[in-house]
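We just call them A, B, C and D in the order they show up, numbering each chain from 1.
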């Protein structure tokens, strides 16, 4: 059953990713991305990390994809349907394949027989996050705040007088 | 039997796909999406490792949370830049933006 | 009771006044001059306390650690002994007088603030120099004095001559300063410390023939180098050329430079390091010869100059030469005494000259005459100064000059004596000439408009006049407890005033005869001057052309320095600039133009290269770590 | 998981879908009737007794209508969008308990999942607007994205406040914590499998945290796009917005999803603030329905009385009013929890906040209107008598 789920979700993940990088339509790419990321959330469930899965849906589905779509709509131009790859794409294929083979080889050669998955209790995770990781957590919040302010500053339209 | 290696291979594949996207796409928005794919590949890897090896400590999960956080911040900021780019130059194709050329 | 441990405040007050005047001067009464005068006045009062303390408790020095470097402890500190205290008094008093005088003299100047700021800074530097207890601090103050004199001489920098004079003064004294620095470093190398007291200890050991860190050869060289430095500041031949030109500065500045600060520094330096000179007695002979030469040359030049301030300037040089001669003849006390009497008299003369210029607006004595009628006070002041410097008895200059003559007679060859007497005669003669031509005789029409100096200018003159009259009397033993200046300032042992009747009488007669001759020539006109002029025509013309020294320097600069500079400049332009700097730039530019094509400006190209690098690194690592 | 389990799950889902469809039909009927009454009309009367068959007739009409596809539309997106809206709002019900046992799959972080899924439906609206290749559609999509992203924040912050208050995100625990202690323990003793510690409150949350209720209701209305927050498909401005090109069954799907979402909000208000299915005498399910439908009636009441906001007002209200207030809510609940203050202190704090902000908002929002009215020479409220 988990095997079946794993294979299905992996295919979804990779398929969605390939869709993102091959489709000519940006909005379709966005949809593929959503598809892929939701499948990743499914993989998290398989990995017994339900909280991360919900966070994944929440952040990616509820925020990032929307913002992406928003940006796409605001930067709509006639070229979008015809957008394709740049002149470097064969090299990019080679690089991607090289990286994939390298990583796969590494993982296969170095594989250890970890077979048991552990579930992490949500409360433990939360307690850990707010005690041992409190400082990084605060820093992350500052990063978010700065990103928010920075985005506003960058995207703001100056009022001409 | 499902082992860590399988998840790692999926994550490697997703990462490579994202890498291809970053290197091959023209639109800045698409490149951002590809970057998101790469981030997710990393997250998948992190969570897989944490889930398989680390029952006591939560380093993998927590770093994954931070990756998501930073990813969200990055998207917000990057899209603001894309908007500004579009407003200033009328395009989001990065091969038409070559101010640093020569 | 304020004692000598507060002596450091005297210069510091002036240093503090400097920024205060520049920044906040306009908020104070007198547009900042009050700060400077206040600092100086406080300094003078402090000096009185220090003097009292010195008289009751004896000399002392205070040293504080500054910082360590390379195992050497650098200190700053001050020394309170009769020498430093006497000069302290001279400087504080004259500077105070000059500053009070300047309030009125400079009152319309647009850079009034700046003037007083530099005045304060100048005085502070000089006071630091006087109080310094180690050579490093002394050298710093020495350079600051040079800098301030540069700024003050070039105060009216809109005028080209002033700028030229300032540059000349600075460069000339800088040349000599290098020698001073080398001398100091030589001593430092052997003694291992900048401290004066330690250095002098070694020098005394050397003198006593004991085991000393100093070798006699080094001591001689060091003494000579220090003397060269002193020659620069004290305008000894051949470094004297800057001093007459320095007249381009405001007249009170000249008074300050000539009487108390700049030129006194050289004499003070030689006096301060007198032990070193004593340890190498040959150097003292050279000091004496240079002093004598300077005295004679300057006196002869002073005799032919027509500009009032120029006459005074050469007079200063001449008297400085006299002091050097005195030092060179072991007349330590005499030299310092003369420095002080001359300081008061010369300050007085300059202030009077300034008053003349203020009153009638000219400086050439040929255009003056009969000024006693329009400005009697100034004339009186100038007369007192002239008589004092000329060496008429009971006036200050006479006593100190007599001391000098005595030491020369005691320690040097008779030829020195004869030449000194000639110089004494000449100095009385030119002072008389200046006084009689300027103030006696017919009052020309254009000078009738002249007016007496205002009160602020008159008061310093009056005070200085009193000193010029009475200061010499300090030389005498008045009571049982006061044995004259000779028992106060001395090198090895104090001695009272020795009055050689023949010598004193002779010099007094010489001086008086000079005045009478001058009176006869310039006032009565009964003695014609032209046959005399004809007889000594070559010498006079030489003197008028300043013994061609300026021209020689100019020629040297034109033919050698400038030619060499041109060569260096050409080298710089052709080799350094075109080949080295521009060549490198050009080659970089060329290569950049050919290599720039890899910079596509396209983000994905860069990303691709980055990724290739990362993959290559990972593969390399893998190959090594996993396979190997 | 065995085949029978999967079949069981499928059964559940099917029955859930059926129930939800029925609920939506009832909602439509209630809306029509209630709105009619509010507007001094009768509402539907012809179809069936009291017009009860009216929603059925509407549904039949929608399904039978021609389903049109604009020629410029992005076909894939056009078809996918309704599903993207419907599936999350349907999936929410998987984890909402109607009574203690009446739930498809209770989750430890049920509340979090519900919020995540609720927010996901924005995507469908956005894509629908984009995919129909229509100016109004795109405009509506953009408006929807802006609005929903903005109001997502206060919604989530209220959820966070509740999580802080109750120390759990399990909906059953949240409901149980609002009961008297003995009842809660007896219920959770059998139902709480993980023995999670939670904070016992003992009274319905609305009593101690009314601020949360207000914020949640407003943000929920905005999330589901009910009046007065329906600017993204405002018919009189952008003729239906994202749904302008939809017709027939596809439009019906959106319609369905919207009503399901409204029901979700109402149910959540009932569960989070009104002690869920608990009440005296009547069976739990009935209590749940009574409470939920009461909230629904409040929503309709708001719909019937409030005018639609302008987009700038909406955004200003969201960012300047709702978000700071929701943070205030988080702060006061945190303080309450941290210092273990008594319950009444929190209610006092939230009521004070509400009163102050409410008065300020009333003043701020009505002043321009009053000014405008004065410029026409009449005061609002006296206008009729003045005429």
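In this section, a residue touches a chain if its C-beta (ideal position, glycine included) is under 8 Å from a C-beta of that chain, and two chains touch if they have at least 3 such contacts.
The structure presented is a predicted model; accordingly, all values stated were derived computationally and were not measured.
Nearest to the global CA centroid, when each chain is reduced to the mean of its CA atoms, is chain B.
Once the centre of each chain is set as its mean CA position, subunit A and subunit B turn out to be 6 Å apart.
Once the centre of each chain is set as its mean CA position, subunit A and subunit C turn out to be 81 Å apart. Centroids of subunit B and subunit C (each the mean of its C-alpha atoms) stand 77 Å apart. Taking the mean of the C-alpha atoms as each chain's centre, subunit B and subunit D sit 33 Å apart. Each of residues 602, 604, 608, 611 in subunit C touches at least two other chains. Of all residues in subunit B, those touching 2 or more other chains are 19, 23-25, 95, listed in ascending order. Across the assembly, subunit A contributes residues 51, 63, 67, 70, 74, 86, 88, 91-92, 95, 99 that each touch 2 or more other chains. Contacts between chains form some other arrangement here, matching none of path, ring, star or all-to-all. Contact annotation for chain pairs lists A-B, A-C, A-D, B-C, with touch applied as defined. Remark: subunit A residues 86, 88, 91-92, 95, 98-99, 102, 105-106, 109-110 touch subunit C in the complex. Looking at the complex, you find that subunit C touches subunit B at residues 596-597, 599-604, 607-608, 611.
For subunit B in complex with subunit A, the touching residues are 1-10, 12-21, 23-27, 29-30, 32-34, 36-37, 40, 43-44, 47-48, 50-55, 57-58, 61-62, 64-66, 68-77, 79-84, 86-87, 90-93, 95. Against subunit C, in their complex, subunit B makes its touches with residues 19, 22-25, 31, 94-95, 97-102.
The part of subunit C that touches subunit A in the complex is made up of residues 602, 604-605, 608, 611-612, 615, 618-619, 622, 626.
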